[in-house]
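Multiple structures are listed underneath, in structure tokens.
You will see chain A twice below: alongside chain B first, and alongside chain C after that.
The block that comes next holds the complex of A and B.
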């Protein structure tokens, strides 16, 4: 009999399941939320309850829980019991992961799929293939929150230098595919600044220079990318670098395109200019310049206020109330 | 026009109809969410001023039928194992219906506290999935049960601190990306614990108001799509930080209203999509915080009717927009 045909037959109709007593859903009261089932799901769920009640942990339980999970990947009791059964049977976990590879791709957005992998890999202690799997599933869904946080967990949990070393190239590839992938930018910060100091990166000044170079390049290509600007601020905040250090770089982004940009001349690698096709001024650049002026204080507060006014009234009107708040705050600083 | 008015009678009948759903497959597939769904439906009804649209006694009976006596907490559906998610929803439903006396508070508090991990985060159940959502749930539930004093606050707060990112936002687990929903759970939990000092209010407030897109809707993180439920996660966080005015209220209101189904009622994640009770609840909740006329006040920290939380002495220093008369 073909496998597909076998799987469409109800458990109730299979002689090898005759020894199990299926338990129907609790229906003693008239609930506010009555349940109607399809036969197939009801059948599997009834037999699942029967198995759990009997405390059985056998290979056929794996078949049953797989069936339930495929119909309802959020059924966390089925996942839980499956894991317990795998442990009781000492099942080959690489086989389990391989099966999960297929299910995960179909059901990327459920928490359970990822937690199950976490439990398994905690047993196998073999994180390398997991990172490869994560990379593959990110191709289908580049910003999947569970997938990225699973990757962060693996790196932190196993804390293996070889794994960490491969991360920067991985993140760069993801950013090359989509410069606006906020998850990738976040991951970059996590890898570079929140994972301790690894071999080769001991010169922190060099690391900061490298990261600033990278983010400036990205901004020049896509000046209206919020993630890149957040990353820039993150680097500066984390390392206590004053925003004013970036003034020369940021300034051209805070005004409309100028003739100077198009003039031939020496390319300043430290201060890449906005790409010609980009829309200027970039709101984030205006904000950045305003922050610099605000920090300078004194007469510069007027300059900051002018920029905030331009944001409130022209460039970022949806956040008018926020920009008016910044103006008020600055005025208070002047008067006190 | 769907985007000019909140169609309250339609939404009320939509929620009432959920108990009579003929859509078999979708309905049974969400059994694991049933307790949550009832809480969402009930809270939305309360905010729309129609608390009695669903039968109180039936609802309480259902909640109690989900009691998992082995674990000492509530499952999502009769004979589902207890989980922290359904336990909070059960408590919230009972509190809303003034029936908390039916709960074995000792056992539930014990269940919740037993889920705290060495790192300070809470698991959802014995399966061990961890998430700052569960930490919020634990704090919220213990607070409603009057057992917050039994919580190791420092330990709990320490994990939130670990989840704070370079952009001022919070993630689901240590090292995870900032996300509006995770920001809400961390900020609301810290509010209950009187530890908003852990939040960089200016930076986070700015990050939150940056979630608003030109169409007026809010997203969960930079460069992602708008979704009605983020209206609540973002708005409630801002109201807790006393910065709710930083959102363009008129545009957001229009966006939420345009996601209504003018025929069968209910609200979807964005205009044109299928409605569900989750987005209906969070759309209505957001409108309440925005001061939409005719709605009941919502407490953004607990996501429950404000007067109930106030009567329990649990109100924190949040600020919503004033209720408009028209």
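The block that comes next holds the complex of A and C.
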């Protein structure tokens, strides 16, 4: 391919770059901890320093910065200078975004690819296509921190009803793929509770009922999923709902499988039982029950202490120190 | 005696990508458990030192070109790795290091990822901390060549209306930037009320429902009659889930902002964070016995050696705010630990320090030198430092000593009419009150595995923190009293 051939020629050997004075990184010093760059990288970086030094903002700067970014997408100065050049040249930003579609997927893990996108979309003010693009990127890396935060930024910054409309189905699809994807759980919390009230969600009691139903169902499928328990606690803390409201639901998860549970009796839709193959007791359920008992106080504190002891000595021994601390704290509260 | 086989991750017979990769990881990790639980591998200090010195003196292989914009970090990880391992530099390499760092200073203030790059808060932290280790006062020493005035202007130019900071011009906002800025301001005596107005509330807004902190939050403003945007308290959603790295940056920033908050007039409402959920989340990040007690950075993700510092390092910060155990004592009654008493009995911290040491020693060390995320990964400069710093956090209890704070306050020798006098004095005394508690270090695997204590806020040794701060605050440090 002609383009590739052209790209492999060093800038130092290209006549159209002859007017630029490349700048070496270190002059007159013998640096510690140097990086052994490839010739290709060193060449591009020297010309980049030359361009920055001269303050040039021209179309060829876009070519040069793209070259550097492809070799090192974390080169934030190349991104910054590229952005300033795009603005100075009034370059068509849809072209830039199109290029970014490819680059973002290739270098998902760098801050800069996502931030550059954000700068561009802030200018174009066309967030619509972004959600689909992000969804596609998340297929490749389902827990990518930058991708998820970018999605949350798109929603929160543009705050357009149409954008928010399909978020719950999207989260549910992500959770269907992996019920333990904590990024997706966080996104759900962001959508439902953190970023204002969505259209159709005005009845907050109904929203809480819906979310409790969803998370209970999820816990019943995989009772040891820490993400779901954290979400449950999040709902309750956020809305000031007492943990004891969940006692009927949680209790069966805090003990070994029982006979009643396996009997095909009346199904309580409000309180789904743990799946038959699950590993009980679930640590998170014991912790939850202890929280309920602690809050009750009085005689129940003994029950809480027993549960914490069982966590410390049997079910969650790595956190022995923490469970002992919980016992100390609870006892101190009583005596003071 | 062999280990009892540790209980594996309870997958509830419901398999997803997360549980699959979790199971694979546990299988690999468990192979690194020593056959005899009473004989841990030693810290291969010599090999790790060779790894660090090779980078420092010879350089980094070309795959590190991906960190070309993080050169100050590469140097800081290397120098601080050496410091934690107890090794100093010879004068020649020190001078080379100083000259290299000064080549990163940006003409308009702050430091850059490399010569000719743009100024950025993260490499500014890396550069200042490297100078704390290698630099000195006077001509060519690095310290007095830092342009503090321009740096302050650079900091202010990044400040956002919600109290946060861009990490660089046209770049993103996140709590790493806040942390790096605050450490730089602490070390160089640049902290002013103007600089950090609103910053604590920004940090608080990054705490998520899980208890840990996210990268940033989204501000909303309402228009006011005078045209100035008015920041709304709610909604102010966090962007991204609770994460170990961001949590460390947030908690350390929170602690560093306390002297400023304490001097606010009583009628100003102070932002708060939820310590209860934070402590819970931090302890939840410690992996179980089947993960050798290493730390993870997010719920349902894998353990990684670097969180030995980012997550486990938070506990001493919390203790300094009166949360949890490990508050530390200026004097332990001598002989309080009897022969029958194990270290575990006197350790009142909230997490399993013994298990983390096991993770680092058994899984964190690469056989060819350097430390790593987890086997079978290769070692790198970043993981080498944060595994060593995590090992240090697990071995030592470093706490803000009230006695030391009083000594520093008493010895303060700056006229009381200098600007922000009270704030600067408090910052100085608080920062340098951190002291290693005597008689409570817990070194698994014998004394040979001991590494130096490191400052819980800065991740510099106490000595390096004292040296650079005494210089920039123009103070003579009172001698530390050895007690007991």
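In this text, the second predicted complex is superposed on the first by the 328 of 336 C-alpha atoms of A that agree within 3 Å, B and C clash if a C-alpha of one lies under 4 Å from a C-alpha of the other, contacts with A are read in each partner's own complex, and residues count from 1 in each chain.
Throughout what follows, a residue touches a chain if its C-beta (ideal position, glycine included) is under 8 Å from a C-beta of that chain, and two chains touch if they have at least 3 such contacts.
Please read all numbers here as calculations on a predicted model, not as lab measurements.
Aligning the shared chain A places chain B and chain C in steric conflict. By the touch criterion defined above, A:230 lies against chain B and chain C together after alignment on the C-alpha atoms of chain A. In the superposition on chain A, no contact is made by A:267 with either chain B or chain C. In the superposition on chain A, A:157 contacts chain C only, with no contact to chain B.
Considering which of chain B and chain C touches more of chain A, the answer is C.
Look at A:277: by the touch rule set out above, it reaches chain C but stays clear of chain B.
When the two complexes are overlaid on their common chain A, residue A:183 makes contact with chain B and with chain C alike.
Residue contacts after overlaying the shared chain place A:111 against chain B and chain C alike.
In the superposition on chain A, A:321 makes contact with both chain B and chain C. Contact with both chain B and chain C is seen for A:80 once the two complexes are overlaid on the shared chain. Among the candidate segments 5-13, 221-229, 329-337 or 347-355, the part of chain C whose C-alpha atoms clash with chain B in the superposed model is 347-355. Annotation: chain A residues 25-26, 29-38, 41, 49, 71-72, 74-77, 80, 83, 111, 115, 119, 143, 145, 148-149, 152-153, 156, 180-183, 186, 189-190, 193-194, 225-227, 230, 233-234, 237-238, 318-322, 325 touch chain B in one complex and chain C in the other.
Put simply, chain C touches chain A in their complex at residues 9-14, 16-19, 55-57, 59-62, 64-71, 74-75, 78, 93, 96-97, 99-100, 103, 112-118, 120, 168-172, 208-210, 214-216, 218, 235, 237-243, 277, 279-280, 283-284, 286-289, 293, 298-301, 324-325, 347, 349-352, 355.
Those residues of chain A that touch chain B in the shared complex are 25-26, 28-38, 41-42, 49, 71-72, 74-77, 79-80, 83, 111-112, 115, 119, 143, 145, 148-149, 152-153, 156, 180-183, 186-187, 189-190, 193-194, 225-227, 230, 233-234, 237-238, 318-322, 325.
Chain A meets chain C in the complex at residues 23, 25-26, 29-38, 41, 45, 48-49, 52-53, 71-72, 74-77, 80-81, 83-84, 111, 115, 118-119, 142-143, 145, 148-149, 152-153, 156-157, 177-183, 185-186, 189-190, 193-196, 221-227, 230-231, 233-234, 237-238, 275, 277-279, 282, 316-322, 325. Residues 18-22, 24-25, 27-29, 31-34, 37-38, 54-55, 58-59, 61-62, 65, 77-81, 83, 124-129, 131, 165-167, 171-179, 205-207, 209-210, 212, 214, 216, 221-224, 243, 245-248, 251 of chain B are the ones touching chain A in the complex.
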